[in-house]
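As written, the chain order gives the labels A, B and C, with residue 1 at the start of each chain.
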């Protein structure tokens, strides 16, 4: 087990290294003089421009900057924002909480509705319940989140006035959480349904039934528990979808957060900020997937063995 | 379910496979509805000049922000443009951009997958690592990063979303390539020393085609949403392009007074994504059960 | 007074003070732009940043929304006969939020530091005009010297950009630090700024030097000011209606109409003085090098209809480089470049632009009449113009951009037209977008986006700035406006209009001079 863990953790290092390098070089390709961006259009003497250039380390050749970037990134220093001239980490940490709240809200909605719909249709396949739940799930994965957000705002925010559109606290989180979670609802419901259908054909279920256990007992004691494993392990992948959802949701609801920060930084050409945000989300994503893998291998050792082949 | 099973086993393998697939698609109510909706939307986009009652870009063909009526089925926007006409033409952008994006990912991804799988050794090792790295980026983040470099605009969005979609194709095709390469007949041709690569590709194509088709269909739904999302964020289509995401972007200031500016383009987007998903679901059942499980 | 009544009075007093402490108002301002970069008045040129700067700082001379002049931080002032020096007698009872006493030294420090290239002033540097030096005559008397007479000086000293900053704070924090922790003498003091989220200000309890045009005296009744960034107008209004904010800027005309019949909300619209919302033609590249193409463009747009369509009657069409409410406005501009699509087409034909392939877009020498139009402000106005000029054969390529991209395009001279607007109560503003010295270059940000260089115009602009008599000034500015119109480099579209909506539970929201920013000092509960 320990060997597996060590191997997986070491395996992540080159992936992180390459992805950070990729981000660095991709942003080097970008047209535009960083000095101009840093000065944000301020009139500046040649001296000031040279100072800024030195400050940004642009007087050094690319490979030196690259090594500097990696060395600093490892220690958590990703430079200063062109726009605010503050360390990027300041703004990122300020906007981390609202995004985490949103992601958590989306996850709660997704699990709550996704699991119940999936179970509902899984244990009663081809019923009206099933059809209804699957149509709903299909809508969930097919609806562009900016459209569902606008519909929610229009009907529940503006027309009915049930939920606040902006603001802090739980009530204001309801509609954004639904927007972000809707996709997850659809995805999870479909996964769980097919997982249950598959489990129901397994031998031990049949054995259980043959032994005279009640239908519901079989369903709840055996089928559900086993059917949950594959969808839950996909939660790592779902995280990426939540991030994608956050970009849109935060923009429509004018919520602060990392997603909106990413979009405005791209539009503002604030490259240190873009670089830092991509480095962090990518690293978080990779690490999360690693954790899920490791946890899963604890639950089900077959995975570990299969991967080591 | 049971009916389908009978069909699947009942149809003799003597019939051409693709005809069978099409039949199985059409016989499924979900896929049938999907195909029907998609046909309507595509038809609308193709024959837009004959269907649209007004010029999509002509301002003041009606009063501003007029509600739906017999003159303007879906109302008008704040420039007095006909929302219905714009929506019909919008399909030309939204749908073709989605398709272009998937083709981009598919072609580059497949070539890459064949290349590393076939070459093997160190190339394969680093190729797999590259795929892992790219899969490490949440797709929309990667697409936004690429737009940051290339600049805004619809063509750049195609490239950005297309690049973000490459690794999934590359992974599948590489896997298939490895499997084919291991088969005895490939080694045999190698022994003869002629047309080795050609033989392999020849065997590869029919083998990966079903998987690729399913993957492309499933990706198409995502691509339509992603490209529209980028337009909605102001990174994609620029005015006056009636791309659906851009239409929603433009409706934002006034949609509380004129919701039809938001509802109809969104509905078109939703319906097209849904119908592609419906067909993708059925296709994956028919063609490649593995893919449907993995996603 | 017996014991009983004393107790009563005491209890009453406690009640009153307790009540005051409790219902200290909080004003929450919903702001449309989230890209604030500085809160240093000496640096900013953004009206959005000034919305907060305005509450934190005072100026030497105060001006109300109607353009009347009042003593500000200076109790009185004298101008020398040659117009070159201004002597200010300063108030003696003013302190900065950090406890630093306000003295002549602070005035000198502020104005001198604006000249320092290290600061990177964008707005103040122009507004300070031909500044030479400040001499500290004694602790509370400062004399500002100009190199030549400066006719706009009076208005200049009222502008937010020339607010007096705390020298101690700047020295302590450095310029960049000060930009994020501004320290002034105003009715509100800076508390915190979370980039992209909010800016918070608290009441300055020591404030006792409000200009006399305010109804209020002493500390404001508003205890706390919060600025929240809400980019979408519809979301901003929804937040206002839900009570999440008390006042929203830049609401839509339909909301304004809505509020007219509401007793919960009040809408206020104001025409803004200065440069109207306008297009500047890049005269150094592409088709716009030809004056006939520029003229044709102007003739192709029906401005009164455009303004009505976009603003539902709340904003008027504009015709020249100054909006009608700005002093020295020359009404002659209204007769020029009226709507005349046939004339526009004739001009284009004459200039050699003909639609040969029947696609509706004109060509010349194989080049299409395509023009690149990066749009930072009012994207809808750009779409309306795009539709209008398409009718005579222009292909306008609109791209919605943010400031960083626009800056880059300006440096690289990579645009055919740009939109501009400027809040100012003084015709002296014209030197900013029309003087040769303000043509941008790589790394040099300036506002002559037409890149128009005319020595005669430069001379007139300088003369007007130095004019000593009001008549001479008006005369010169009329000449300047005529020249700009003749050159067809500036295409005014509509008067800027600020539309705010606020709750009817509060009143006393007052526009700052120029009618864009809103001052919160006077706000009280109804």
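What we mean here is this: contacts are C-beta pairs under 8 Å (C-beta built on N, C-alpha and C of every residue); 3 or more make two chains touch, one makes a residue touch a chain.
Quick caveat, the model's predicted, so the values are computed rather than measured.
The central chain here, found by comparing per-chain C-alpha centres with the mean of all protein C-alpha atoms, is A. When each chain is reduced to the average of its Cα atoms, C sits farthest from subunit A.
Once the centre of each chain is set as its mean CA position, subunit A and subunit B turn out to be 22 Å apart.
Centroids of subunit A and subunit C (each the mean of its C-alpha atoms) stand 41 Å apart. Rounded to whole angstrom, the centroid-to-centroid distance between subunit B and subunit C, based on C-alpha atoms, equals 47 Å. Annotation for subunit A: residues touching 2 or more other chains are 158, 267, 269. Multi-chain contact residues of subunit C, defined as those touching 2 or more other chains: 232, 238, 401. Shown for subunit B are the residues that touch two or more other chains, namely 234, 252, 255-256. Contact residues on subunit C toward subunit B in their complex (touch as defined above): 232-234, 237-238, 252, 254, 309, 379-380, 382-384, 386-388, 390, 397-401. Subunit B meets subunit C in the complex at residues 57-60, 64-65, 78-80, 152-153, 234, 238-240, 250, 252-257. Here subunit C touches subunit A in the complex through residues 34-35, 37, 43, 117-118, 120-122, 125, 176, 179-180, 194-197, 228-232, 235-236, 238-239, 242, 244, 401-405, 407-408, 410-411, 442-446, going by the rule given at the top.
Within the complex formed with subunit A, the residues of subunit B that make contact are 1, 129-130, 132-133, 136-141, 144-149, 221, 225, 228-229, 232-235, 245, 248, 251-252, 255-256, 259, 262-263, 266, 269-270, 273-274, 277-278, 292-293. Across the interface of their complex, subunit C is touched by residues 32-33, 35-37, 39-45, 47-49, 82-86, 90-91, 94-95, 153, 157-158, 161, 164-167, 252-254, 256, 260-261, 264, 267-270 of subunit A.
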